[in-house]
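Report on one structure; see the data block that follows.
The first chain written gets the first letter, and so on, giving A, B, C, D, E and F; residue counts start at 1 in each chain.
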Amino acid sequence: MSSVITRVKQKQIAQLVAKGKRLDGRGLMDYREIKVEQGVIERAEGSARVLLGRTEVVAGIKIETGEPFSDTPNAGVLTVNAELVPLASPVFEPGPPDENSIELARIVDRGIRESKAIDVEKLCIEPGKKVFIIFIDVYVLNHDGNLIDASALAAMAALLNTKMFNYEIEEGEMKIKSGYTPLPIKRRPITVTFAKINDVLVVDPWLEEEQVMDARLSLAIDDEGDICAAQKGGGGYFTPEQVLEAVKIAKEKAGERRKNLDW
Amino acid sequence: MSRKPEKLIDKKGLRLDGRKPDELRPIKIEAGALSNADGSAYIEQGKNKILAAVYGPKEVHPKHLALQDRMVIRCRYHMAPFSVQERKSPAPSRREIELSKVIRESLEPSIFLEYYPRTIIDVFIEVLQADGGTRCASITAASIALADAGIPMRDLVVACAAGKVDDTIVLDLMDTEDKMGTADVPLALMPNLKALTLLQMDGILTSKEFESAVNLALEGCKKIYTLQKEALRTKYVNMKEVEE
Amino acid sequence: MSSVITRVKQKQIAQLVAKGKRLDGRGLMDYREIKVEQGVIERAEGSARVLLGRTEVVAGIKIETGEPFSDTPNAGVLTVNAELVPLASPVFEPGPPDENSIELARIVDRGIRESKAIDVEKLCIEPGKKVFIIFIDVYVLNHDGNLIDASALAAMAALLNTKMFNYEIEEGEMKIKSGYTPLPIKRRPITVTFAKINDVLVVDPWLEEEQVMDARLSLAIDDEGDICAAQKGGGGYFTPEQVLEAVKIAKEKAGERRKNLDW
Amino acid sequence: MSRKPEKLIDKKGLRLDGRKPDELRPIKIEAGALSNADGSAYIEQGKNKILAAVYGPKEVHPKHLALQDRMVIRCRYHMAPFSVQERKSPAPSRREIELSKVIRESLEPSIFLEYYPRTIIDVFIEVLQADGGTRCASITAASIALADAGIPMRDLVVACAAGKVDDTIVLDLMDTEDKMGTADVPLALMPNLKALTLLQMDGILTSKEFESAVNLALEGCKKIYTLQKEALRTKYVNMKEVEE
Amino acid sequence: MSSVITRVKQKQIAQLVAKGKRLDGRGLMDYREIKVEQGVIERAEGSARVLLGRTEVVAGIKIETGEPFSDTPNAGVLTVNAELVPLASPVFEPGPPDENSIELARIVDRGIRESKAIDVEKLCIEPGKKVFIIFIDVYVLNHDGNLIDASALAAMAALLNTKMFNYEIEEGEMKIKSGYTPLPIKRRPITVTFAKINDVLVVDPWLEEEQVMDARLSLAIDDEGDICAAQKGGGGYFTPEQVLEAVKIAKEKAGERRKNLDW
Amino acid sequence: MSRKPEKLIDKKGLRLDGRKPDELRPIKIEAGALSNADGSAYIEQGKNKILAAVYGPKEVHPKHLALQDRMVIRCRYHMAPFSVQERKSPAPSRREIELSKVIRESLEPSIFLEYYPRTIIDVFIEVLQADGGTRCASITAASIALADAGIPMRDLVVACAAGKVDDTIVLDLMDTEDKMGTADVPLALMPNLKALTLLQMDGILTSKEFESAVNLALEGCKKIYTLQKEALRTKYVNMKEVEE
């Protein structure tokens, strides 16, 4: 079960793509099958499991209270962490987050933060003193490519699944009341990732395609079809035309997904 | 947030979740749950949800860690940040480091280490949700993952705890019983060899109570052992069907 | 001065044990000579040095004040740390605690914590706000086997040697008064460790026996002869019968020690 | 301490520092600024002050990191503790780790990696003072440092951001515009190849706005490209003069 | 561009020194050219750049407020950190501070602290609760030898360049007022470093001399010509006579520098 | 907790612990205090209690740290958490890292490094209790441990501090004098070679005072040197007796 594919297979993948085909039979702009299951971790305030082909990601939400940042005293705090846990791939190693897991967490974070997916002002308990802190932990359990889309989807699905306890402020003290409320979600960004292989764009690259690709481009699209985050990765490049083409396709793909998910 | 209930065992002798003292929680085991690992397993035991994966045998890096006459086993027991009530930092805690060690030492006696000298096996355990008894459920799952990876083994290792709760010796403690009870005795067994490969204890027990707890835990192990074998058979049968 | 013994010697140790003998002349259930010296570190609130044959351990107690854990607002905090300092053995290396020192600390901790050796409720200064924190630092100075028993003994002897300053609460402020009080000790657990060599149990394995043993079993016994902690270690196993035999012997051995120490 | 100004663009269409929307900040580039490095460059872009240095190609330690068919590029983007308003801890932040990666990936396409197999190049970037757009200025400087080190390259890489501030698409955002604005699109270009080697985006833009921002940033890149080449020429001429 | 010089060159340097000469033409007790530029980092509260030959160091000062140490409740806090950033030399590596950067920071710290260069009592805002914390960050940008003198000079020049905002205490709250005040500087220590090469003392060793030297001696001299810090380094030794000779020369050299800098 | 006494030297010219200005604290040295180490020593100097151990010469791992023409010395000075008034974290502090370096550099000149090329020696120092002057007492003990390990040496290294307290130059400062005094000059000496291998200074001294302090510390070193040699002789004699 090696994670490095042979040169022969690399060539094969590249040649197929040039002909508009892919090794697993998909069209260039087809996603693998997507399954989203919410509420899989009852202990968490919210959770979701995403299967994107054989790529598997669980996201869990924990909520704590704490101090706001000094430059945003009225806003709750959002923290995204991603773990490439070693059981997910022979190339993941135990240890502190490396550049790949940090980049993954920051891309997921940007999609949510920049689209203003959460109304963070509603997470303020006492301005400048006490706010809710939302921990989004992305846990990659099986790596078969395109962790970015799977993780962004799991994170958003988990947020939509999250319930916060009710509370009221009585004489300056926070008192927990019965019942739960959903998070104040304003937008539902969807991330679409492209690989450039043999100078051709494909969406949703799986593991073997990632090993062949020149570069990667991820675009987060919000409910209005606007772009709310972008990230190029990999040691290759895109032409400006390829980027603009990717933007157009990403809007379509995000629209389809949004319909399927009823988001 | 949790408050201690007044009684952990009610008048009818039943526990908080309705179990009898010698009753296991519902258990679901799946062999081969992950596609990248050489072997894997998923276990649910009560609200515990745990994945185990095995990679290897493989070459050792750096080389000076290799042993000339046997393979090396590494083990990492790790809890997801969302697996417990208060978010857990992903950095390994002292508890996780200790458990990684005792889990590794509970699996080692089951493996024919001398079959693959100069190689290494990695056992990775991820607790997705914890509800008491995670070390035992992890061992149960990890042993299946080792078998699923085709590692030559003397026997499966199966683990279960017994303990004392409100003056009663009970089987397979869940989180509240573990925290509020009097004692907890997790143990691991290779059933065919009657070999205890894990034994720990927290709390206070007379030697008599200790003996009862050990015996009850052994009974629990034997029941789970049947489920382990079933899980492996199910995967084997499914594979055969796919192949045919 | 190698720390790895030859195969010939390994065989010799195993064969001797099978005959009920040990390389250093002890009987299977004999401890090495034990020396306990209290008050060796005047700067510490309590301290003790234990010699178990050539194994040498110093434990020091420091007391600070701090916040209690949120789930035990009325209880003082107990913290055990063990350092396998590199001057104690050629196999100990400088650096953060490894799995061996963490396991050692946690075994010592469990013996003390689970036996309720210290009345932690008496260490509460102001419920939920301020309690005493007891730091037990176990410092291994020479490693000649059975660090667990030596460390547990040193830690308990140091606790028994500990003096806390007197204080009173005046208008919400803690004021230090003259004089000292001993720690509120309720129980004196004693840990007894067995090695299984060639399928035979021996107590108090020294270094060369530890290099031969299949497995290790440590049992902490409290003043009533009850078991208050257990830990199997090593890559071998015990039969249930061996465990129950060990429990019986551990009670005897702990009883003898208790008499000798006048605990 | 900083307070949001009411307007980022005034009635005359000028920005807080008096620039027009499509105007770059003053830029000063010096090739070969450091004597120990194999190649180096210093850039001032507005109040940004950044040093880049290149060491290599050199042997790889440890050896297993070497690649048989190409050289390895390592990159460290780092901010001095005094470079920002509140003192920054010298330990690398998550942001610095991400930027080190994307900067490395923006430089890689420009280098003939296959020319020196089994070697490594280190690119070190130190931000002495930061005022928005440090990643772009760092790429611009690092590419000059690579050229100064004599590394064989397809083209220089030049980087610049455009973004949206008060409903206007503007070039080369400074810190306040970056923080208070609507969107920021940093990109890097190899001008001769029309190849985008960095592309990121923060904020919200319609696809039309995005296209305008990309085009404006490309214009900015082309202007800076001229300055890059001038800096290299200046050093080369000076060296010739010294030699003669 | 190797950082290790050849044995031939090493011999050459040593032989020249024995004749009272140096490879770069300087006399044994001559410094390289020194340039000091203040205010180079506008974002910092104070800053300075020092060129000592080709050795280049920037020091930046940041000021924050925080709690004083419990044993000096009326004193501001001084913190010196030194970074041997990897672009400065092929032998510097990224990572946490190593023994060389820690020693460098602590020598710079001692010169400033022990000479009582800053009147730390004037940095107290509210005794025991709130004081100013002065961060001195020494950033080595090019290493061509004698980092100690360059760093100590940059740190002191940056302190002399530092402006603190004005404030007043109104009803227990700190309020920032307009305008700035310089730091309360009482003394201006100057550090003079000697290398012993071939049993001869030289001042201000450059990189290649440092690679040949037996040992290093740094002396910080205050405004009165008194010694306020000393540090021997390197794997060689000095005779007591050499140390006393160095003290005499250091006073002279510090005096000259002080005149040039108008300190 | 400690409060500054009004006077560190009383009317009779005696110090807080009754010593005269030029008097050492009581010193007890034992060579060979630990059985596992290749060489070891224990020193008590006043309330200081310090152990030093030497392992080596041994092979170097990883190999690239080895030097072709001499051995490498590593040194770790470390304080036990209970050695000082407020519990010290066991992680090495910046102070401990600096002292490890200067102690190593104070021992190096005494060792014939070229005798065992491509090997390494580890010097481990553990301060069990600290009362001022631990670096000097550590050097004194470590040098004995090196001799006890049979390392070929030019001379023993012996260390002692002098300083200024209440306008008086005094020898061998204890903790309170160190903290409340005016200056402290720790130094290390190879007596036969009149070679200073450690020299540091904290505080303010005129050059005259500095000279006096150095001379007084040298006197202290010479006295301790006698005790060092005695400790080694005692161990040697005891070994002979055991052998006979």
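As a convention for this text, a contact is a pair of C-beta atoms (placed from the backbone, for glycine too) under 8 Å apart; a residue touches a chain by one contact, two chains touch by 3 or more.
Since this is a predicted model, take the numbers as computed values, not measurements.
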Hopping along touching chains only, can you work out the least number of steps from chain A to chain C? 2
Neighbouring chains shared between chain B and chain D, ordered by label: A
Fewest touching-chain hops separating chain D from chain F: 2
Based on the averaged CA atom positions, which chain is farthest from chain F? A
Centroid-based (C-alpha) most distant chain relative to chain C: D
Averaging over Cα atoms per chain, report the distance between chain A and chain F in Å. 58
Go ahead and note the Å separation of the Cα centroids belonging to chain A and chain D. 27
Can you compute the centre-to-centre distance for chain C and chain F, using the mean CA position of each chain? Integer Å is fine. 32
So chain E residues touching two or more other chains come to 97
Interface hub residues of chain F, defined as touching at least two other chains: none
Quick check of your reading of the touch definition: is the inter-chain graph here a line, ring, star, complete or other? ring
Ordered round the ring starting at chain C and going to chain F, the chains are C, F, E, D, A, B
Of chain A, residues touching chain B in the complex: 1, 3, 41-44, 47, 54, 56, 58, 60-62, 64, 81, 83, 85-90, 94, 96-97, 135, 137, 139, 141-144
What residues on chain D touch chain A, complex-wise? 94-95, 97-98, 100-102, 105, 108-109, 185, 190, 193-207, 210-211, 214-215, 218
List of chain C residues in touch with chain B within their complex: 97, 99-100, 102-103, 105-106, 110, 114-116, 215, 217, 222, 225-240, 243-244, 247-248, 251
Help me check something: in the complex, which residues belonging to chain F touch chain C? 34-38, 40, 47, 49, 51-53, 55, 76, 78, 80-87, 90-91, 122, 124-126, 128-131
